[in-house]
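Following: one structure in structure tokens, then a few remarks.
Here the chain labels run A, B, C and D in written order, and each chain numbers its own residues starting at 1.
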Amino acid sequence: MRQQDKNELRPWQQKLHEVIYEADTPAGKLFDIILLIAIIVSVLCVMLESVPEYNKLFKDGFIYVEWGFTILFTIEYVARIVSIKKPVNYIFSFYGIVDLLSIIPTYLGIFITGTSSLMVIRSLRLLRVFRILKLGVYIKEARVLTNALAASRKKIFVFLFAVVMMVIILGTIMYLVETPEDGFTSIPRSIYWAIVTLTTVGYGDIVPKTELGQFIAAIVMILGYAIIAVPTGIVSREIYLADQDEKVTNIACTNCASEGHDEDAEYCKYCGEKLG
Amino acid sequence: MRQQDKNELRPWQQKLHEVIYEADTPAGKLFDIILLIAIIVSVLCVMLESVPEYNKLFKDGFIYVEWGFTILFTIEYVARIVSIKKPVNYIFSFYGIVDLLSIIPTYLGIFITGTSSLMVIRSLRLLRVFRILKLGVYIKEARVLTNALAASRKKIFVFLFAVVMMVIILGTIMYLVETPEDGFTSIPRSIYWAIVTLTTVGYGDIVPKTELGQFIAAIVMILGYAIIAVPTGIVSREIYLADQDEKVTNIACTNCASEGHDEDAEYCKYCGEKLG
Amino acid sequence: MRQQDKNELRPWQQKLHEVIYEADTPAGKLFDIILLIAIIVSVLCVMLESVPEYNKLFKDGFIYVEWGFTILFTIEYVARIVSIKKPVNYIFSFYGIVDLLSIIPTYLGIFITGTSSLMVIRSLRLLRVFRILKLGVYIKEARVLTNALAASRKKIFVFLFAVVMMVIILGTIMYLVETPEDGFTSIPRSIYWAIVTLTTVGYGDIVPKTELGQFIAAIVMILGYAIIAVPTGIVSREIYLADQDEKVTNIACTNCASEGHDEDAEYCKYCGEKLG
Amino acid sequence: MRQQDKNELRPWQQKLHEVIYEADTPAGKLFDIILLIAIIVSVLCVMLESVPEYNKLFKDGFIYVEWGFTILFTIEYVARIVSIKKPVNYIFSFYGIVDLLSIIPTYLGIFITGTSSLMVIRSLRLLRVFRILKLGVYIKEARVLTNALAASRKKIFVFLFAVVMMVIILGTIMYLVETPEDGFTSIPRSIYWAIVTLTTVGYGDIVPKTELGQFIAAIVMILGYAIIAVPTGIVSREIYLADQDEKVTNIACTNCASEGHDEDAEYCKYCGEKLG
């Protein structure tokens, strides 16, 4: 018989846990949908507040709405803490910190006057949306993509390192070729130009004017146009494999319990046992 | 023996049905070609009408041509309704609605004066071209592509969601870093900048001026340059699989039970047995 | 015994044929290299002639050089005709026409004064370079790429058709949303903007100013960023397969002489014969 | 017994060799980390020196720091030469030349006044970072990528050749279509425009103004948007194959002679035989 635990949740805590943490029950689903809407609306308010016209018109409105959401999220934060067995695990988890950061800026605004820099923290609320989506139908897709990106991590790093090298050397060359009057005022700014060009963004705020500069720029462009193939090739392959892994049978060897056998495998590749 | 149906089409309706709905007969083919030309010419007229110079020169001409096409398409619309057993199914189908939208704006123009907003509806006529092409040689290709996109739907959604997250957070950061004088007047506008940069479009209407802003912009660019690999990898894989399905038969050899034989294979490539 | 042909080339014609058409002999190789250099130098001259500074300095020089190359290419053209059995086949072949177009503009320049429009024809000389490269080490690579593009022809066409649809509808919408003052003066120009944006070129000569316009533009950008995956996926697959075909064994069946058997095939897939 | 070699390194040389050339020992690791930091800091100084504001403030500081690093790298260069059996091999190797180029510009600066052009050589120091990373965990990833690029070398060359052809012909056409007032002043500049457009960079410094010019530009853009698929397809395939080669062993089963077993396989997956 299962022992009575000191940490055992009381009935009302269990009920709360069900609503907040479990998405399968009707109450849990409703809670998730309300939370999703609240997060999106609160982020929209942060955005609209920054538009000068709206800010003039509804200055007080934005303050009231902001406090409304803050109090709502504070209640939710407290509810999450009291309805879990080990609150410390939650508080210091990624989502625990994001949840706290969602409510702190408004409270800090009482004491600090220049709160505009807290705005970016408030927009981090959006990250909370991930938790809710995690429970949805996109869980497998998101896993395949993150697995693919994780698997191509090292290759992407090597590629980005080579790109950084290239833009530094190309930026330095352009700094010498072009005059400061055309925007190439320093090596860092010339490197910025090289990044703008190599990634095919091409703002046009800094452009080469001399023949030699335009010739080098043309080479940078063709280079950028060609090497974009590299990350694509890397990630293509990993997505292919990551999705493949979902195709590997989940038959476990009856002898050594190893998994990950190919679909056409008849014998365990680790111990030679005939597979079921 | 097939029973006489109350809904059975009369001979002239059957003839009309053949011409309009069946592309295999010579009359049907001719009808499709005429319709294709009429659609394209009518859309070209809508476009040219919007060019101020042409509008001044041929103002009346455009009105006559527009009424000509509208009457033509109205006749066709009526013909489609009367030559089908269940007109309701057609009327409320996607193409039925597109067909109706192709003719309504001109009639509405009699009663409403400011008809310029109806122009966009008139350009929807172009969607009708799809119906005709559907009957052509591109049917298999279009199916492979739409299947591939449908299969990658969920992954693309997860990817776009992550992109939206990124541009919101990056846009908010840039709103704080850059001054409103350089175009970063509000968070929504800064998000617009982030989208312009991340997708490597790079208009150059809003560009960072500060060192920190250019540094963040450089990161956004390299990010956008690298993550374009993700949708490419997703779709590459699905096109590969979607096309695969079209090519390899699922005939199993009756002798060795091997599969994966090519469409043109007549004998098993593993044991030489005649394939079914 | 092989019969004496009326069309049989005389010894000097055979010698000439060897030099001009056969790249394997030392004389043929030398001829190809000289021709390659002559083509590239003559195209460079056409380019430099268009630069106002150089044109002022070396006006007469360019005319002499141009006549030099024209006479050289005329001699070559005549030599190609006389050293071949069926000159008509050559004259009306793709390269025959390109060769003729390389020399005609200069002669026409004697009679016609405004020859600037002949310049573009002169730059077509560059196409002649393909003939020489065809004989080089890149022949297999070029074949794989052209095969891949030929195989993806239909899918690319379907994709481009969908893109054209999109830019027409999006351009029309933007024409209604934005004002003519910001560059959206007509539907064709708005479609041009939509192409500039969707392909992520982003000149910045026409940019949306209204909030709604920027919102639609953001959607166009993300769309363009995502759908670039489609042609990439199509071509990726075909290159993979086209290169694969080079891996297919070139064993011919001893019974039915069919080719294109997979590397792991033991029996002919067309007649069931055991493969060598 | 191993013979005493005339070229044998003395004990202090062996110790030095261990520190400089071997990354496995603690001393060697420390040396690599210090060198890595020194290289990056010295390159950062070259960059910051070019910024007018910093240059005014810390003009002398930059000179001292530069000399400090130069002396440090000179000591290292000498140490590398004396601690190796065949110094000539090192001196004329790629890294030997890069190491020498890292220190020469500062010494040359004593004799030559206009040293700004030596700056680009100083930034080549960055290439030295590759040597240190070579010893890290990224060695396999870098090999896969360089193998893939080496394998696709010929195809990429054919592709770039076709791109160069296209931009020359398209640039020439645009030179004739557009007026010099809009930036199309010469054929080389029009080719520069074609490259800017085809690679989807799109600065917007030179843009077509006429209807025909914008129509041709639209074709160039869609062309550039579509053909980017080609290098991506090429490299995708090669990365796939290059990585494949690293994963699958070429051990053949002693029983059924099947191949393609995974690296971690101990038994044949087709017949259950123990693999060698």
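Note that a residue touches a chain if its C-beta (ideal position, glycine included) is under 8 Å from a C-beta of that chain, and two chains touch if they have at least 3 such contacts.
Note that the structure is predicted; figures quoted are calculated from it, not measured.
Undergrad: What's the overlap between the neighbours of subunit C and those of subunit D?
TA: Common contact partners of subunit C and subunit D, which must touch each of the two, are A, B.
Undergrad: More C-beta contacts across B-C or across B-D?
TA: B-C
Undergrad: In terms of residue numbering, is the interface formed by subunit A and subunit D classified as same (over half shared) or different (under half shared)?
TA: Mostly different residues: under half of the interface numbers shared.
Undergrad: For the sequence-identical pair subunit A and subunit C, determine the rotation angle of the Cα superposition and round it to the nearest 5 degrees.
TA: Resulting rotation angle: about 180 degrees.
Undergrad: Counting in whole Å, what is the centre-to-centre distance of subunit A and subunit C, each centre being its mean C-alpha position?
TA: Computed value for the inter-centroid distance: 43 Å.
Undergrad: If you average the Cα atoms of subunit B and of subunit C to get two centres, how far apart are those centres in Å?
TA: 29
Undergrad: Indicate the whole-number Å distance between the mean C-alpha point of subunit B and the mean C-alpha point of subunit D.
TA: Centres of subunit B and subunit D (C-alpha means) sit 42 Å apart.
Undergrad: Enumerate the residues of subunit B that touch no fewer than two other chains.
TA: Residues 159, 188, 191, 200-204, 224, 228, 232-234, 236-237, 240 of subunit B each touch two or more of the other chains.
Undergrad: If you look only at subunit B, which of its residues touch subunit D in the complex?
TA: Listed in rising order, the residues of subunit B that touch subunit D are 200-204, 232, 236.
Undergrad: Which residues of subunit D touch subunit C in their complex?
TA: 154-155, 157-159, 161, 165, 168-169, 172-173, 175-176, 185-188, 191, 197, 200-204, 207, 211, 214-215, 217-218, 221-222, 224-226, 228-230, 232-234, 236-237, 240
Undergrad: Which residues of subunit C touch subunit D once you look at their complex with the stated criterion?
TA: 43, 46-48, 50-52, 116-117, 119-120, 123-124, 126-127, 129-130, 133, 137-138, 141-142, 144-145, 148-149, 156, 159-160, 163, 188-189, 191-192, 195-196, 198-205, 224, 228, 231-240, 243
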